[in-house]
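Common to both upcoming complexes is chain A, partnered first by chain B, then by chain C.
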Partner chain A sequence: MIWLTDVLAVIPISLFIWAVSLVLGAVVAVPTAGARMSQLRPVRILAAVYIEIFRGIPTLVWLFVIFFGLRTFGLSPTALVSAILTLGIASSAYIAETYRSGLSSVPIQQREATTALGLSPRLSLIKIVLPQAKPIIFAGLGSYAIHLLKETALTSLIGVVEMMTVANYLVERGANGLTVFFVTGVIYMLLCLPIAGAVRLLGRSRRQNRPAGPDSLTPLSTPTAPPECAAPWHGMRWHECNSSST
Partner chain B sequence: MNVSMEKQPRMTETVQSAPRGQEAAEQPAVQVSNLGKSFGAVEVLRDIELEISTGEVITLIGPSGSGKSTLIRCMNLLETPSSGTLQVMGETLVQDGKILPKRSQLQEFRAKVGMVFQSFNLFPHLSALENISLAQVHTLGRRRAEADERSAQLLDSVGLGQRMNHMPAHLSGGQQQRVAIARALAMDPDVMLFDEPTSAIDPELRVEVLKVMRDLAQSGMTMAIVTHELKFARMISDQVLFLADGTIVERGTPDELFGAPQHERTHQFLAAIEETKL
Partner chain C sequence: MQFILDLMPGLATTFGLWLLILLIGLPGGLALGYLLGLGSRTLRVLGLVIVNIARGFPGLVTLYFVYSGLPELGVFLTNFQAVVAAFAFTTMGYTAEIFHSAIHSVPRAQTEAATALGLKAWKIQVKVVLPQAIRSVVPTLLGFTVIVLQATALGYSVGVRELTGLSYNLGSISFQALSYMLAAGLIYLVLCVVISQLADWMQSRSAGKRVKRVKHSPRKSHPTTTPTPVA
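Let's look at the complex of A and B:
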């Protein structure tokens, strides 16, 4: 198993591509989500087209388009740059949708309540909407981050020296393919575990471990309302999505 | 609903209107004239004429879809009227369907008109106290400690002094709505708007909210209420307006409107409500 050290040695490269793409995606996704939810229809449509193009066309195709295709324009990005650019842009499309679904999960009535209290839209977003959207956004980000780590394996196809490239090389040199690829797969899996854990920690609301207060022992009455009434349901939804991430 | 309330002279009314001088007596708190509202091609409100004097309590009743919510939401510009004029506390906010103040002024104005929603709309991630303090700090610029003190006071006054640190999900509908009322009152509003404040609450818990509203009315607050609690409306209101198909069909004192409705439409509505009570 001496070959194992060769695979382990390039873990930092896989993680580097993953981390930079994820951050790039998460940052670019902010204006993308903003545009997707814009009041202006043309802006909204443009963002929707961007998102669908990058989600609908396989990442591998984009990888080749950027690595080989940009040469037509006299640009020759290195394999590593192409990898990060591709995965970053593809991520921005996915993550923008994650942001959007998180934000739109907060009922419009919450915004109306802040408007009626004279809060600015900015404060409303920061103090009311984002805290409620956070658990949903982080849940989406978490599963995407795991997906993305596995996507980094694609970059071996344009010659980035990452885990799969090394594994391939070793097998070509006569190592047992089944063992090498299986072990490499397990390494991917083990790398995913802490990511899932970290994201779960980040998404946890500050309330989760907090006691309700000194008066929390008084018996609680269940909020009840007809189904058409929104508030208690939203209350429940908030509650449920917190506890589901425990 | 057993909220006993005799129409008492409003003691604080004189206190409240005193500093505003004589103008306040002449100037209605809310004046709506010739107001119309359409959603796209659908006309939801037309020719609305309405005046609420300072310290007055008006109730809007009417069948579902008649435009009650839309009208009350126009009064704090959650909906923008399509036409007509809206004045609140002497300030013209809408003229010929155009909002006059700038955005920042609008925020100030909104804080002065409290709104209580059917579905409470408390912020689920904040405790009862934080729900009430938030806008005091961010809209009115109060210091946190000062805001919290006021919030605690208000929670006490709506009978929830023991529930300060509870999260909304851990409060009953009646309790949540009382927190929502306290939250609106924390802005020291000139007018309070209520859109079916008890409709989403279990019948046996409604009375605790109605009592708070009754106390508020007695303290001289100017109020506009949409409600299906006719008995309560009769007790609390100075003026009742019956809305149907986007217009005010009939208006009068509670005794006039409930006792001797003039219009067939009003008659039908009141009879229908009576019937559902059987």
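Let's look at the complex of A and C:
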């Protein structure tokens, strides 16, 4: 079991790729989601095409395209940089859809009411819409974050030294493939646990913490989080997951 | 255009992988879904362990486990078989949950009514529960097939010459790696868009049916009747 330390030693690299690309994706997703819900039709279509392109092509192909593509433009990024770039941009497409589904889950009457009250659009978004969309956005973000952690294994294929690379190397050097890969898989599973826990904590809506007051009388305004979806390894869309419930 | 034509043999392999994975994985998922709903505690725990491993392991880890781990146990698979086995297993895990909740969502009254009519237990499942359960998850499963299609790209890592593997090979022979990869990406994109459109279309169609059915069904104004089961 000496090899175990070698695998454990590169966990920080996997987590680093994961964290940086998640943050990159979450940030880039904000303007993307904004464009996807824009009033202007061409902007909307452009954003939809961007999202569809990144979701319709396997991440592995994107890894190669960006890795080779940057070379063609005369840049010579390290494998790590192009891995983070690829995963970050690809996640921005998925996360933008999460934002959108969260925001559109808030009943339109809520926004209409704020207009009637004379709130500015900005204030209405921050104070009224976002707090209600939060549980759904965090649920989607969480399942995507878990999925992304598993995707980081793909970066071993373009030569980033992370857990899979080390595991593969060890097996090629004669370690028992059965145990090495099984333990690596279990490590990935264990790493997902705190993410799932953190998401559950963050996504709890404020309403649930409060004692049932008069506002518990308005159940319409509380968007219920979608039923737990099979977090897929390629980011399923929420509406596809929910359709099983009749 | 030439690039896309060059990749056609790879596309055939990708389709073959895809079909085999779904043919093995979906029935397996259904069986596993039943296992999850069983009364027996040990069997249910076993099912949960399988589902969690299938869903919790990255696809690449499962693939390597099957391809270079199983030989330790004397199971030697070709790279093609390894991809099918690994992703059929993963598909099983993911769809087990979908099937489980679908079977669960069929109203109990259906089973009870069938029992009252004297149907045998297996006949109740096959003739009454399953048709209702499966019809409700078809769009979800179609969406899932897109994910399986994308997962077959990992076959590259064990040397299967499917769409990604072939384009990598051709690309490194002809020094036009980027063009071949872009062509492969384009093919994936078209396939995925077509399948998701099909899923959306089926979903909207079944949703339309649902509304119609509820409207036309003769409903007695009895407040405690169970909601009309979805056809």
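To be clear about the criterion, the second predicted complex is superposed on the first by the 212 of 246 C-alpha atoms of A that agree within 3 Å, B and C clash if a C-alpha of one lies under 4 Å from a C-alpha of the other, contacts with A are read in each partner's own complex, and residues count from 1 in each chain.
Keep in mind that, in the parts below, contacts are C-beta pairs under 8 Å (C-beta built on N, C-alpha and C of every residue); 3 or more make two chains touch, one makes a residue touch a chain.
Because the structure is predicted, anything quoted here is derived from the model rather than measured.
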{"item": "Chain B versus chain C as contact partner of A:S143, first or second or both or neither", "value": "neither"}
{"item": "Which of chain B and chain C A:P131 touches, first, second, both or neither", "value": "first"}
{"item": "Partner chain(s) touched by A:L123 [first = chain B, second = chain C, both, neither]", "value": "first"}
{"item": "Partner chain(s) touched by A:Q109 [first = chain B, second = chain C, both, neither]", "value": "first"}
{"item": "Dominant contact partner of chain A by residue count, chain C or chain B", "value": "C"}
{"item": "Touched partner set for A:F181, first chain B, second chain C, both or neither", "value": "second"}
{"item": "First, second, both or neither for A:G69, with chain B first and chain C second", "value": "second"}
{"item": "Which superposed partner A:P58 touches (first chain B, second chain C, both, neither)", "value": "second"}
{"item": "On chain A, the residue positions that both chain B and chain C contact, one per complex", "value": "230-232, 234, 236, 239"}
{"item": "Residue ranges of chain A in contact with chain C within the complex", "value": "52-53, 55-62, 64-65, 68-69, 71-72, 150-151, 153-154, 156-157, 164, 167-168, 171, 176-182, 184-185, 188-189, 192, 227, 230-234, 236-237, 239-241, 243-246"}
{"item": "Complex interface listing, chain A residues touching chain B", "value": "109-110, 112-120, 123, 127-128, 131-132, 205, 207, 212-216, 218, 220-226, 229-232, 234-236, 238-239"}
{"item": "Chain A-facing residues of chain B, complex", "value": "76, 78, 107-111, 113-115, 117-125, 127, 134-135, 138-139, 162-173, 175-176, 183-184, 187, 199-202"}
{"item": "Residues of chain C that touch chain A when the two form their complex", "value": "52-53, 55-62, 64-65, 68-73, 90, 94-95, 97-98, 101-102, 105, 136-137, 139-140, 143-144, 146-147, 150-151, 153-154, 156-157, 164, 168, 171, 177-178, 181-182, 184-185, 188-189, 192-193, 196, 199, 203, 229-230"}
